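Both complexes shown next keep subunit A, but they swap its partner, so subunit B is in the first and subunit C is in the second.
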Partner chain A sequence: MIQRFLPLIVTMAVLVVGFLLCAAQFPNFASLRVVGNLLTDNAFVGIAAAGMTFVILSGGIDLSVGAVIGFTTVLLAVLIEQAGIHPMVAFALALIVGAGFGAAMGAVIHWFQMPPFIVTLAGMFIARGVSFVLTTDSLPINHPLYSDLNEVAWRFSGGGRLSLPAMLLLGVFALSMLLAHWTRFGANIYALGGNRHSAELMGVPVARTTVGVYALSGLLAGLAGIVFSLYTGAGYSLAATGVELDTITAVVIGGTQLTGGYGLVLGTFGGVLIQGLIQTYITFDGTMSSWWTKIAIGVLLFVFILLQKGLLAVWSDRDGDPAEA
Partner chain B sequence: MSLSLSGSTRNLPQYGALVAVLLANWLLFPDFFSIRLQDGRLFGSLVDVMNRGAPVALLAIGMTMVIATRGVDLSVGAIMAISGAIAATMTQAGWGLSAVLAASLASGLLCGLWNGVLVAVLRIQPIIATLILMVAGRGIAQLVTEGQIVTFVSPDLAAIGSGSFLTVPMPVVLTVAMLGLTALLVRMTALGLMIESVGVNRLSSAYAGVNTPVILIAVYVWCGLCAAVAGLIVTADIRGADANNAGLWLELDAILAVVVGGTSLLGGRFGLLMSVVGAAILQAMNTGILLSGFKPEFNLIVKAAVLLVVLLAQSPALTTLLPRPRGAQPIKPHPVAPKRTTP
Partner chain C sequence: MSMTWLKSAVAATAVVALFAGVAPAQAADGKLVVGFSQIGSESGWRAAETKTAKAEADKRGIDLKISDAQQKQENQIKAVRSFVAQGVDAIFIAPVVATGWDSVLKEAKEAKIPVVLLDRQIDTKDNSLYMTAVTSDTVHEGRVAGEWLAKKTSGKCAVVELQGTVGSSPAINRKKGFDEIVAKNPGMKIVRTQSGDFTRAKGKEVMESFIKAENGGKGICAVYAHNDDMAVGAIQAIKEAGLKPGSDILVVSIDGVPDIFKAMAEGTANATVELTPNMAGPAYDALIAYKKTGTLPAKWIQTESALFTPETAKAEYERRKDAY
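So, the complex of A and B:
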């Protein structure tokens, strides 16, 4: 049991220690306002990272999430501002398009037996390309519903607020944990990621699970796009470039094995917050340059991968099973 | 091997595609093939295609061998940024050309060594091992340039980007030289065979006596070197280093060029020349889209379409579905996962 939870414990310990260090240096850090903003600012990355967790647990990878987020913001801007469609309808359409796009990639991966890496790379090109064709400008969204939605928040005493994106983030992670750990679909994903061949022999519906995993990732990337569009109030085809890497990093820091099969959704939540914490620290500090964020995240990524390797080596010695050929 | 006779017919689709794209460009733009000599340097659309395609072609040379070992190197764009940043910063600080080139290329070798050790010794999955440098590399490049866009005035260094050698633009000369050197190293020795064997089955290669860690490290080091040369060219061309944007997303273009060139992502047989042809096809398409008056925004969609067509053509599932030409035996699909062997 400890095997399963040790990476999560380490991730959460890093998060808590990091937060305490920040709070020790900046007395204003330990406030609900900072925590609320941490959740709001990282909501779109977190929602996409939840989807990425499922993909990686199934033994795949999805490089298209950043492009799908960018595409969704452009699609929303075009639908709402140029076609005059009500935002709620546009949101629903964006989610359907995101899920459909993911499902299509999953289908290609499964039935043509192509590496997920390259299929989702093509998906990334398509999603960015279509958003470029729709518009290369940044389109503002001025619908009154947007300002109303941005006002929706749970206000704490002392000035902190839990905004709608932050609530969505928490909701997505709650549902994702349910889906991963208490449903047949979740169990199938773990089985598929652990060993595809055994999963097939065990009767796991491999086709349905693969398509479902990528559809889920696309759906959550679409939702992340909606959140991003609420957050920036605009649609821009270059929005969220590189977010796929942020989400993969969050998943790894969260303790999920990149070979699939091992990992917890809650860990990814910790991974997202650790990345956000580093950024917030650098903002608080004021004198450090933003490139330190990248270096710090790179170092953290390295340390966590080494930790995983070490743990895996210890377990596989015990089980007498070679970790990899 | 790709130099053999049977290899030349296997590569017909790539040559065909290149010729088709060039002819399409010629139809759109009748002056496409005209080349003129001016100030001791060749000019023309065709020269331009080769010149602009040089950085991706260089990356593709290194990437081909990494992919042949069943790996991938996502950090080449970041390595380009680092080597460019070092070159520009040192030139601005007054260092001579040879010191600048040595330091810049050494940074590429060092980055490659880091990737190689992670993959070969620590046995981290290549995508993830190189992701670390991809994330941190741009930060390192910005550390070197101190977050600024460093510009320099040095005709010596600028000549690497915009100069010419015997009327041929310098980037093209460097690419051809790297291609020749690499081909010499891997095809005139057993190195190429070992790289392919590691890609087909790392465990069996190790049992057969191939020093797999050394081969893997060498491959990533060479890929880093190619990326450093590409970074030098880009920096010399714009006479400055932009740590944020130099080589941004070029790793994806390089992978695409390798795939278009026919090297399988599942490792094994590789074709260096074909990857350079792949890079040329991509660049020619890019130029064609610009010449034809389409919006450059279509470029990404066209790239995605090409990628999907090539992948579908290579797909093991599709090969078994389609009838084989002229009664050839159907080949068995490539196993998706390596079978676990008990030693």
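So, the complex of A and C:
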């Protein structure tokens, strides 16, 4: 049991120790406002990262999520501002488009036996390209519902708040944990990522699971796009560039193995917050180049990959079977 | 198992080291703390703006916290939220895009932290979300360049124009201001105009085609470039055509980067209108006045668009080369 949870424990320990160190240095750090900000500011990355966790657990990768987020913001701006569609309808359309786009990529990956890397890379170019065709400017969304939704928040004393994006983030992670650990679909994903061939022999519906995983990732990228458009109140074709890499980083720091099969959804949540924490620390400090964020995350990523490699070696030695991965 | 725990210990130590590596103290009591969300460091001018903001803060005893957004709005929003959480005395933003600032600025307003926009404006219906904006008037810059040229040539000049990136607001406005002056002087005419995309290479290329089209450059009295970089490219093209930049063809441009001062000192350029990188200075002054007496500054603080000519070029170059 401890084997399964050890990476998660390390991730959470890093998060807690990191937070305590920040709080020790900056008196205003240990406040509900900072915690609320961490959740709100990282909501779109976190929601997309939840989807990425499933993809990576299944042994795949999805490079299109950043572009799908950007595309969703543009689509929403065009639908709401230019076509005059109600935001709620536009949200539903965006989720359908996101899920459909993901499902299509999953179908290509499965039936044409293509590497997910290439298929989703193509998906990334398509999504980003289409958003540029729709508009190259940043389109403001002025619908009153947007400002209303931005006001939705559970306020704490001291100015902290649990905003709607933060609530969505928590909700998505709660549902994702249920899906991963207590459903047949979740079990199939783990089986597929562990060993595709034996999963097939065991009767796991490989086609349905593969398509489902990418559809889920696309759906969550669409939701992340909605959150992002709420966040900036605009549709912008350059929005969320590189977010796919942030989400992959969060998944790996969260203890999920890039080769698939091992990992926990909750770990990804920790991975997202660790990245946010480092960024917040550097802003609080105010004298360091913000590029230190990238360096710190790079070092962390490296450490976690080594840690996984080490854990794997230790387990396989003990179990007596050859090291995999 | 011991191996595993060793590894996790190593991991944890590395992270602790990361966080503990630098430990600057919070500002001493009584010092104003300003958080500045900068777009990035994409151009020499932008880097100079950041450097000047630091220098001007030191001059006034202000503690400046800078966050580089790496060209991403989401990073700017995060930085503003962090500044609010930190309880800074004011927030400066150089917004990367005009839209999408309302909700985060509302949080700053609720926390009673004044916000100053630097160098660019934002799109918002609620002007009370920021205290003031410090920007240059790009139409005025074009006017200043045009006025200098009209005076220098007694209102008689065939001008070729190197425009900035098509559709960008500085290109539109710098053309508009210059055109106003041309319209006032019947002897002045823009004979050719084309975009050089604000770059040196494109400026040179377009200038070459202008020279060919205008009888080897004989029909051109002056070149007006929307930025210094294109002017530097144009100077190269004029030299290569066997003409003397600065006398056969006058060169006037906008921005005031070190290279154009160097060119002026060498006599190959004639005038530049400075877009000052000191946007933070006037902002600090407005902020200090507000904190002391409670007087709100005007909604728009316009920076000076000063004209520089070869007479002072050498000294100006020396003064500037370190800021960029």
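The criterion applied here is as follows: the second predicted complex is superposed on the first by the 323 of 325 C-alpha atoms of A that agree within 3 Å, B and C clash if a C-alpha of one lies under 4 Å from a C-alpha of the other, contacts with A are read in each partner's own complex, and residues count from 1 in each chain.
Operating definition for what follows: a residue touches a chain if its C-beta (ideal position, glycine included) is under 8 Å from a C-beta of that chain, and two chains touch if they have at least 3 such contacts.
As the structure is a prediction and not an experimental result, all values here were calculated from the model.
With subunit A as the common reference, the superposed partners subunit B and subunit C fit together side by side. When the two structures are aligned on the shared chain, A:119 is found in touch with subunit B, with no touch to subunit C. Judged by the touch definition given at the top, the superposed model places A:133 against subunit B, while subunit C stays out of reach. In the superposed model, more residues of subunit A are touched by C than by the other of subunit B and subunit C. Of the two partner chains placed by superposition, only subunit C is touched by A:304; subunit B is not.
Once the two complexes are overlaid on the shared chain, A:18 sits against subunit C while remaining clear of subunit B.
In the superposition on chain A, A:196 makes contact with subunit B only, while subunit C stays out of contact range.
In the superposition on chain A, A:289 makes contact with both subunit B and subunit C. In the superposition on chain A, A:57 makes contact with neither subunit B nor subunit C. Superposition on chain A places subunit B within reach of subunit C only down to 5 Å, the least C-alpha distance between them.
Overlaid on A, the two complexes show subunit B and subunit C touching the same residues of subunit A, namely 289-291, 299, 306. By the touch rule above, subunit A contacts subunit C in their complex via residues 6, 9-10, 13-14, 17-18, 21-22, 25-29, 31, 33-34, 37, 40-41, 44, 138-140, 142, 147, 150, 159, 228, 231-234, 236, 239-241, 276, 278-291, 296, 299-300, 303-304, 306-307, 310-311, 314.
By the touch criterion given at the top, residues 61, 108, 111-115, 117-119, 121-126, 128-130, 132-133, 136, 196-197, 245, 248-249, 252, 258-259, 289-295, 297-299, 301-302, 305-306, 309, 322, 324-325 of subunit A touch subunit B in their complex. Looking at the complex, you find that subunit B touches subunit A at residues 72, 122-125, 127-129, 131-140, 142-143, 147, 202-203, 243, 252, 255-256, 259, 265-266, 295, 297-304, 307-308, 311-312, 315-318, 333, 336-338, 340-341. Looking at the complex, you find that subunit C touches subunit A at residues 1, 3-4, 7-8, 10-12, 14-16, 18-20, 22-24, 26, 35, 64-70, 72-75, 77-79, 81-87, 97-103, 106-107, 110-111, 123, 125.
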